[in-house]
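Okay, here's the structure, questions in a sec.
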């Protein structure tokens, strides 16, 4: 029980703060004093008495994320190597499809987590690279999106063949996990969580006949920003944004560093939870 | 024949320049020396010998536009009052669905135009207004679009009722003419040119059940940027862009100044021309 | 108050029977003994004491329909001339978007109906005709649908132009009212109830670029079943079904006999009621 | 070279007959006299001099199919065990996406086939079973479709969970190969040919939020025809049709007998060929 535990909390949320304090107390009951991510620590005075750590620099073997999907995605993006950390995810608030622990059960799941009673699920991520400075790994999606509705022209290549040519608002390249996020809103299919694939979903293409394409998970893609395209943005998991210019080529392949998440009941009622989330927007 | 004729030409296009020179010669054959929009005049040395005019300031009763849809839309947006000008539209290049005169027939149509042998079609436009500084009329569409894929939250009100609530990439509010432009790519229907309506097409909404809504042409709409929305852009006919912030309300109603376009065969084979344009993107 | 009132009730429904008995009592309180459609009369012993009438033959100036959308659509289809009857519509059960009176308010609305306190709304209908024996008017839609998934090939003509060529499961031709029924499920837009149009929605076409087309309400269409098509069915308002063969031509235009419905709050909260109905299927 | 070769030809097609005669001559040049399927033999007098065989009963190790997709699908459905036969597929006519040999190269490919110079591709098939009499294997899809536009109500179960509830025209359950057939027209995605999955595509569901679901290839599904559904049809590969009634349960899993097809250039330019086929319907 001498492992270190880290805590990352969604900022500016009374609900997240309350849930985080319950996580802290549950850990303390097991003799564990968690270290709190410095950004979260500055947000909440109630957490400032605890020791801090820096998500981007310090290697902590076990981290508990409290918040919504964005909090998890940001944490994964900031960790120097997510494959060296096990993350437990606690949902605070209504939205947060990727986080499987609900607030009412926090104490029980913290006990399970501390005692190793969970299923460790390794999630494949995709790696996007335009240049050495403009690159990163994603759990959900790489979104190539227009700037101010100006037409984007992209060509997608796979195994040397041009498989999609898009004139429109852009393209989403999504993992299985991301298939129920941005890609779904843009007309993509739902991928069963037990199946690993890559989903290409074009964004409002002038080519009305285009449909989403599903590729094997180990595919290597090249997306060319055509010379006659307007500039656009590459958005990684909704967190990091880079500018792309005509002539740029984005390479997409598997990320060597997978995400490792402790799951307690992820597989149960997947579709029920998915539809509930869809209906929560009604 | 003492009326003044203006000429507006798409910049940086050898094809447009050639077609424009044929228009000039055809007019000169009828004893008319056209005045050339100053911006076009600076772009092409071959046109610089002709007298100039300023689209934004000078009232010219008859204008010939040579280029693509963008050239026409920009001209209509710059004219102080398009309802005081008759525009003849000449397509230079492959794309340009709104321009009905093709380059091969330029001489004949210029003769028709000079002799009043055309059908004057008045096109309703929509008027969008966020504040006094952020407003304008459109022939095609008002696009309310996200910035860098950040979720936009909008509520649309009509006759006091909330008719659409969108969490997504935004909303397109389109005229009949615009129904075959951006709205079509985003999943909107094709509106027959003889029917006047307003089309609301949501952009990649999280609310998967949302569908385009078709409203009467004299509808007055209010689009509220919700307090929990990210900032976004209002793009008018793809030409003018304004920033919108949470709390902004965009009012949409009829533009009092219609567009007046001389049509020679607009009604003929509308659908054949439409499908040809769609297929030109294959 | 010497006008005759007729009653048509959805068969085999305890809920409909109860609501119908409340309608009868409310009418009797105003000294009116309604005549009950013979088919409804045979279905419910509790209604058999009342005098009967035949919807298909007897002209009754005022009819109260109790049930769901199907009950109303069937009644309109059976009436020899719906333009000579005013129909009040009472919803019994959860589904029934076209029926505006809910069961809790039956007594108040019957009083309003008897005293002429309602808005008489005239609904345009479409008329479909393949041959003299295969024709009829619809409030909602004309569905041309495949038999056992065998490919149907149709060409749609409007003003002498071919506006749509479909290889697929068929075509829905819908009124404004019908836009929220079958057409909506097939990808058609929502038409505001204050706008009169015709909606063409292709059914699963091989031509992936096809989109719904919206036409003026007075359009005259011809739908040709191509010689290389498989046979199909023409379904009118989900009630009457005719077989169509290759070579058949279906003519669609306005039905001279409109439907006349007494509305009490039809315009209020149209979209709220529409979305509620969509969500009732979740 | 003492193996037996069979020939199956699309009936009533002058083009198919010509191509078939070239196949016969090419085989004869290698000292092979093919046996011709009795149905094809009766269709074409020019083939009647050759020995016959019965696709449904006789085991022939190598069969050449000449025609369109339907000819191949029918042959696979009729063979007692397709896993014991290698099929070479020759396209006669414009449509026929599944057949990779084009008529201009028939002689060269027959020589390759006879000499074993091809890639043997094994295609997974799906097996559908309602009862012992109503079952079969498909290469493309199992379509559960309405009769005369009457609402169908289905529940789909996977791993004990209800993953889709459809009120609408039905459901398509498709293989990877079938993803570009009926499923594509109904809104399904394109599956890369190197990825094995099952695609569920709902047909015009009232539940507007439904999207296609992609499942692993070894999934076992149960589709329940709800008691309140209308009767419907189960159509296997567009070839065999069975009636389903409320209460029926269709089980879908892997077919133990795969299809074995000799491919010469199947992988090359898959997307180019796919888009060409889509555009051939313009």
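Each chain carries a letter (A, B, C and D) given by its place in the written order, and its residues are counted from 1.
Definition applied: a residue touches a chain if its C-beta (ideal position, glycine included) is under 8 Å from a C-beta of that chain, and two chains touch if they have at least 3 such contacts.
These numbers were taken from a predicted model, which means no experiment stands behind them.
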| item | value |
| --- | --- |
| Same-residue or different-residue interface between subunit B and subunit C, half as cut-off | same |
| Of all other chains, the one whose Cα centre sits farthest from subunit C | A |
| Computed distance of Cα centres, subunit C from subunit A, in Å | 48 |
| Gap in Å, rounded to a whole number, between the CA centres of subunit B and subunit A | 39 |
| Residue list for subunit D, restricted to those that touch at least two other chains | 184, 208-209, 211, 275, 278-279, 282 |
| In the complex, subunit B residues that touch subunit C | 158, 161-164, 184, 188-192, 194-195, 197, 199, 209, 211-216, 219, 269-272, 275, 278-279 |
| List of subunit A residues in touch with subunit B within their complex | 143, 145-150, 167-169, 182, 184-187, 203-209, 233, 235, 238, 241, 278, 281-282 |
| Subunit A to subunit C touching residues, read off their complex | 208-209, 211, 275, 279, 282 |
